[in-house]
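What follows is a single structure, written as structure tokens, with notes after it.
Order as written gives the chain letters A, B and C; numbering starts at 1 within each chain.
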Amino acid sequence: MTTDAQDRPDFLALVLLLPTILLLLILFVGPVAFAFYLGFTNIRLIGPTAVHFHLNGLVNLHHLYGDSLFWLSLKLTIVFLMVSAIFGVTVVGLALALLMQHAIAWLRAAVGAIVVVAWMLPPITAALVWYAFSTTGGTLSLLGGSQLDVLNTFPMTVVCLANIWSTAGFSMLVLSAGLRQVSSEVLEAGRMEGASRWRIFCSLTLPIIQPTIVTNILLVTLLSLANFSLIYIMTAGGPGNATDILPIYSYQQAFVFNKLGYGALLGDVVVIIATIFAYLYVRMSRSSRLTHA
Amino acid sequence: MFSFWYRPLLRTLLAGAALSALSFGCRGAQAADKTVLTLAYSETYVFDTEDFTKKWWGGIKTEFEKEHPDVTVQLEPINGGYDDIINKLSLLYRSPATAPDIAQMATPTVDQFASSGYLLPLDKYLATASWWKKFPPAIQSEGAWQGKTYSVNTGENDSQLYYNIPMFKKVGLPVPWQPKSWDDILNAARVIKAKLPGTVPLWILAGTGSGDNTLLMGFNNLLPGSDTPTIFDGKTQKWVVDSPGIREVLGFYHAVYSEHLGAALSDLFSTSGVTAPVFLIQKQKVAITFGSNFYGGNWSNTICTPCWPQAAQIAGVAPIPTMKGQAPGIATTIGGWDLVASATTKHPDLTWQLLDLMENEENQINAANWAGFVPGDADYVKSADFLNFAVPYNAVSAQVLPDGVIEPPNANYLIWSRGVQEATGALAQHPDTSVDAAVKIISDYVSNQLDPSQVETLK
Amino acid sequence: MTQLLASQPSAVARMPFEPASSDTRSSAEIRAYVIGNGLLGLFGILFLAPLAWLFFASVDANATWALSWPHFTLANFRQVTRGDFLEALFNTFLLSLVATAVSTVAATFGGYALSRRRIPLSDELMVAILFLTGIPVAIMIIPVFQVYAKYNLLNLWATGVFLGVSSLPFALWLIKTSMDAVPKELEEAATMERANVFQIIWNVTVPVALPGIFSAMIFSFINAWGSFLPPLVLISDPDQVTGPIKILGLIGSADVRYGDIAAYSIVYSIPVVILYVLVSKPFSGGFSMGGAVKG
């Protein structure tokens, strides 16, 4: 490190961090904290308690505990995150990143572009595209005889697939960067020793990119949690409650039923889930003795 | 290396951001000496096309500014669908600075906005309005809350049955068709199913895909004609989740879907479930459908979504009957859009005059024709401009309006509605669902969302 | 493939399994090569499949959500390149520009501070900031609306700032980690030449961390480009409406214009694809440090 002005760094650091901290506090942390507070009030979007609302103690919490739809929603959210984000997006992203490495140049460019376009598409378009894809007469339904309504028969599956499709591009980019950290000398050495491709991958590549994978899992989970628009426009939680994951249930309570307080509380649960994942990430990073991915 | 070009690029980005900031900052400046009235309405959802939205509201603005040269009418269109409009209005009304002087809002939400203290009571002005007296009582009551009136209707939707005339003739069903009971409807559908495979015999919305429209255009047109039309029991202040009437309507749905008289799920559950029949009828894929009054207008050459000059020869229309044909013989639910004034408006008299202008005959007929409404005023509804806009459809829409019932304006109505949506969705998706199971879905859902003490069963 | 995210800027660039010469190519390697490319091609087709509807519907005069052979017409494209649709495109571009600028500038300075300076609990702070990425925007939208309404900020520019802030956590993490990889010797060399902090950041750290910074910029841009709920709620002037809201507007209560939606979605996606292609090209190879550091 530099030798002069050892006592200045902290002040300077603060000045550099100030824009970030201010912006985050006012436009991010502040609203989230306010939303937390709202979760314990009886505020409605419109109605007598729209403007004149007050804290109502643990009433909302009590309702949450007894709300069977909440527990269903929680379960669906966990399933969604496990299957689609943690497993699906990571595996697909990793597969793509690996296959990209030794592919024909034009194929690499073409597939890369397609996958990234899928990621870039605005959620409203992606939702309509997937609705068309998976209902009767759509491409996916042609697999089962064109009258099959895949979306309404296997709604959670379709929603998970749609999430994978729209997030895999991001995962592929992160994992590609991680794969670049695997030096070719190490891999050459493995080949020289006659190890099979799979063995090389498991024993050499995987350990090196493990931190990247862990980071990728965290980010993809957070992104999937936030991927509200796509699923809401596709199914709005339906049919029935089949795809009513927490972000959607929370939106419905707050903005369709106008129960803003309860909806905010459900949103708080989403924030808690995100926090748990972040905490797990820190634990896993620590245990692999990392300071950065 | 990169140093050559990245710095200019980053500088350009920052400059671009700064320029755009300036350009939008400068736009705020306005003529401060004129009185400004703000008008909030839906940009794309209410009128049939955005062009008609601009034409109607632009016309109001021009007309009013001509009569009042010292006033500027500021138009504030709101983007998005039904929920988005309500949400935006609820945000705008939170502070007097952003509350629009007049807003066009959905009928079921007026009571809630009134109870929030956002709206201006209009009674003293309504006493002077000639057109108000000609509104049927049901429509006048749309804006009523705690004894005062807070809104005036600017267009209603009601429901009728549409049927395919050539298909009916082919299978020997009577044309013109005038069903007098629910059995008449079901029997006609059964005949179609038997003799014309490959068409959808009867379209009736089910499920959560269309939100409350499933009820507005489906379930709630049968319930008023059943034995127990009550949805919210005013005496006990409880929601009815089980009653002979509800069972009868669910029984109707059960018959339709278990006998495979209904449409494919992907049509029923899609985002365009409300408008799908308009095209399905035109493509002659559907024999009978529960439909809304705006269908006729859609087929006209003015609206053209889609253009169908032969509509009148192919698509017949009939009022929806009550269950056994009992009085009043016609059943329909109504709901539409209303105009409200802000409680904190700085110019209540001027605001009223603007509202009055919007309610005059020409504007109301134009609104009806361009947005697919039926005018609330009993005289306007007889005008040739309205009736001839979509022949013979508007005549039937006008005919059924006086018998229409409005949906309960209570805050928790949408929860009850959702329960019914899920029950009808289950019946459509799993035709072996029994009526008991369907009733249980409604009961469980509403009890879970509200509280078991707020629901009741009527005998 | 591109090198969008931070990585050790050293010897990596080569394809690990590319055979050195044709005589050493074994049948196993050829098989692996074919299978690998085949699989990748399959993925490509799988990802392309849902988009088929988009292309068909955009040129279809009677588009519905079902996949059907189109009645070919260019009317949809003509309809969505009208004045107000193009204006919405331009508005989206401005919005994304502002969001990217806000996010990148704040993240660059903040990332430098977190990377280079000793700040207590910087790791925990970083993770705390990072988890903000997972918070659904719908939760924050009402308080933000009220703040903006109070200070008369319900416009495109302020919404851009908000979107920049919503992508700030991830941008911060990206830039910080890419700055972590910049050798400290470079900065020490600059300090010895009496450069101040801002000069160091601008002339030394940023150029080397540029891949990470550009990744952050792309992420922020894409995040703002596809953003739907904040512009819907926070923008009140109809002239400042953005693309996704225009798409939403094509879903009316009496009619859903699928052909227009598909055509506009394609038009709307083109700028982002171009941006991606432009920015990814310079990074497809590695880069060297040159003679900046001795010894």
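Here is the rule we use: a residue touches a chain if its C-beta (ideal position, glycine included) is under 8 Å from a C-beta of that chain, and two chains touch if they have at least 3 such contacts.
Owing to the predicted nature of the structure, the values given are computational and were not obtained by experimental measurement.
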Inset, instruction - Using mean Cα positions as chain centres, tell me which chain lies farthest from subunit B. - result: C
Legend entry - Closest chain to global C-alpha mean, per-chain Cα centroids: A
Inset, instruction - Take the average of all CA coordinates in subunit A, do the same for subunit C, and state the distance between these two points in whole angstrom. - result: 15
Inset, instruction - Determine the centre-to-centre distance between subunit B and subunit C, using the mean Cα coordinates as centres, and give it in whole Å. - result: 39
Legend entry - Cα-centroid distance, subunit A relative to subunit B, in whole angstrom: 36
Inset, instruction - Would you give the residues of subunit B that are in contact with at least 2 other chains, written as numbers and ranges? - result: 87, 94, 270-271
Inset, instruction - Two or more other chains in contact with one residue: find those residues in subunit C. - result: 65, 102, 105, 142, 248
Legend entry - subunit A: positions in contact with at least two other chains: 131, 135-137, 255
Inset, instruction - Spell out the part of subunit A that touches subunit C in their complex, as residue ranges. - result: 1-2, 9-10, 12-14, 16-17, 19-21, 23-24, 26-32, 34-35, 92, 95-97, 99-104, 107-108, 110-125, 128-133, 135-140, 165, 168, 173-174, 176-178, 180-185, 187-188, 197, 218-219, 221-223, 225-226, 228-229, 247, 250-251, 254-255, 260, 264, 267-268, 270-271, 273-275, 277-278, 281-282, 291-293
Legend entry - subunit C - residues contacting subunit B, complex: 64-65, 94, 97-98, 100-102, 104-105, 142, 145-146, 149-150, 152, 154-157, 160, 202-203, 206-207, 210, 232-233, 236-238, 240-241, 245, 248-256, 282, 287, 290
Inset, instruction - Write out the stretch or stretches of subunit C touching subunit A in their complex. - result: 1-8, 10-18, 32-33, 36-37, 39-41, 43-44, 47-54, 57, 65-68, 102, 105-107, 109-110, 112-114, 116-119, 123-124, 127-144, 147, 161-162, 164-166, 168-170, 172, 176-177, 180, 184, 187-188, 191, 197, 215, 222, 225-229, 243-244, 247-248, 258, 261-262, 265, 268-269, 272-273, 276-277
Legend entry - Interface residues, subunit B side, partner subunit C - complex: 1-3, 6-7, 13-14, 16-17, 20-21, 24-25, 27-28, 43-46, 48-50, 75-77, 79-82, 84, 87-88, 91-92, 94-95, 97-98, 270-272, 274-275, 278-279, 294, 298, 303, 305, 371-372
Legend entry - Contact footprint of subunit B on subunit A as seen in their complex: 44-48, 50-51, 66-69, 131, 135-137, 147, 149, 151-152, 233, 236-241, 255-258
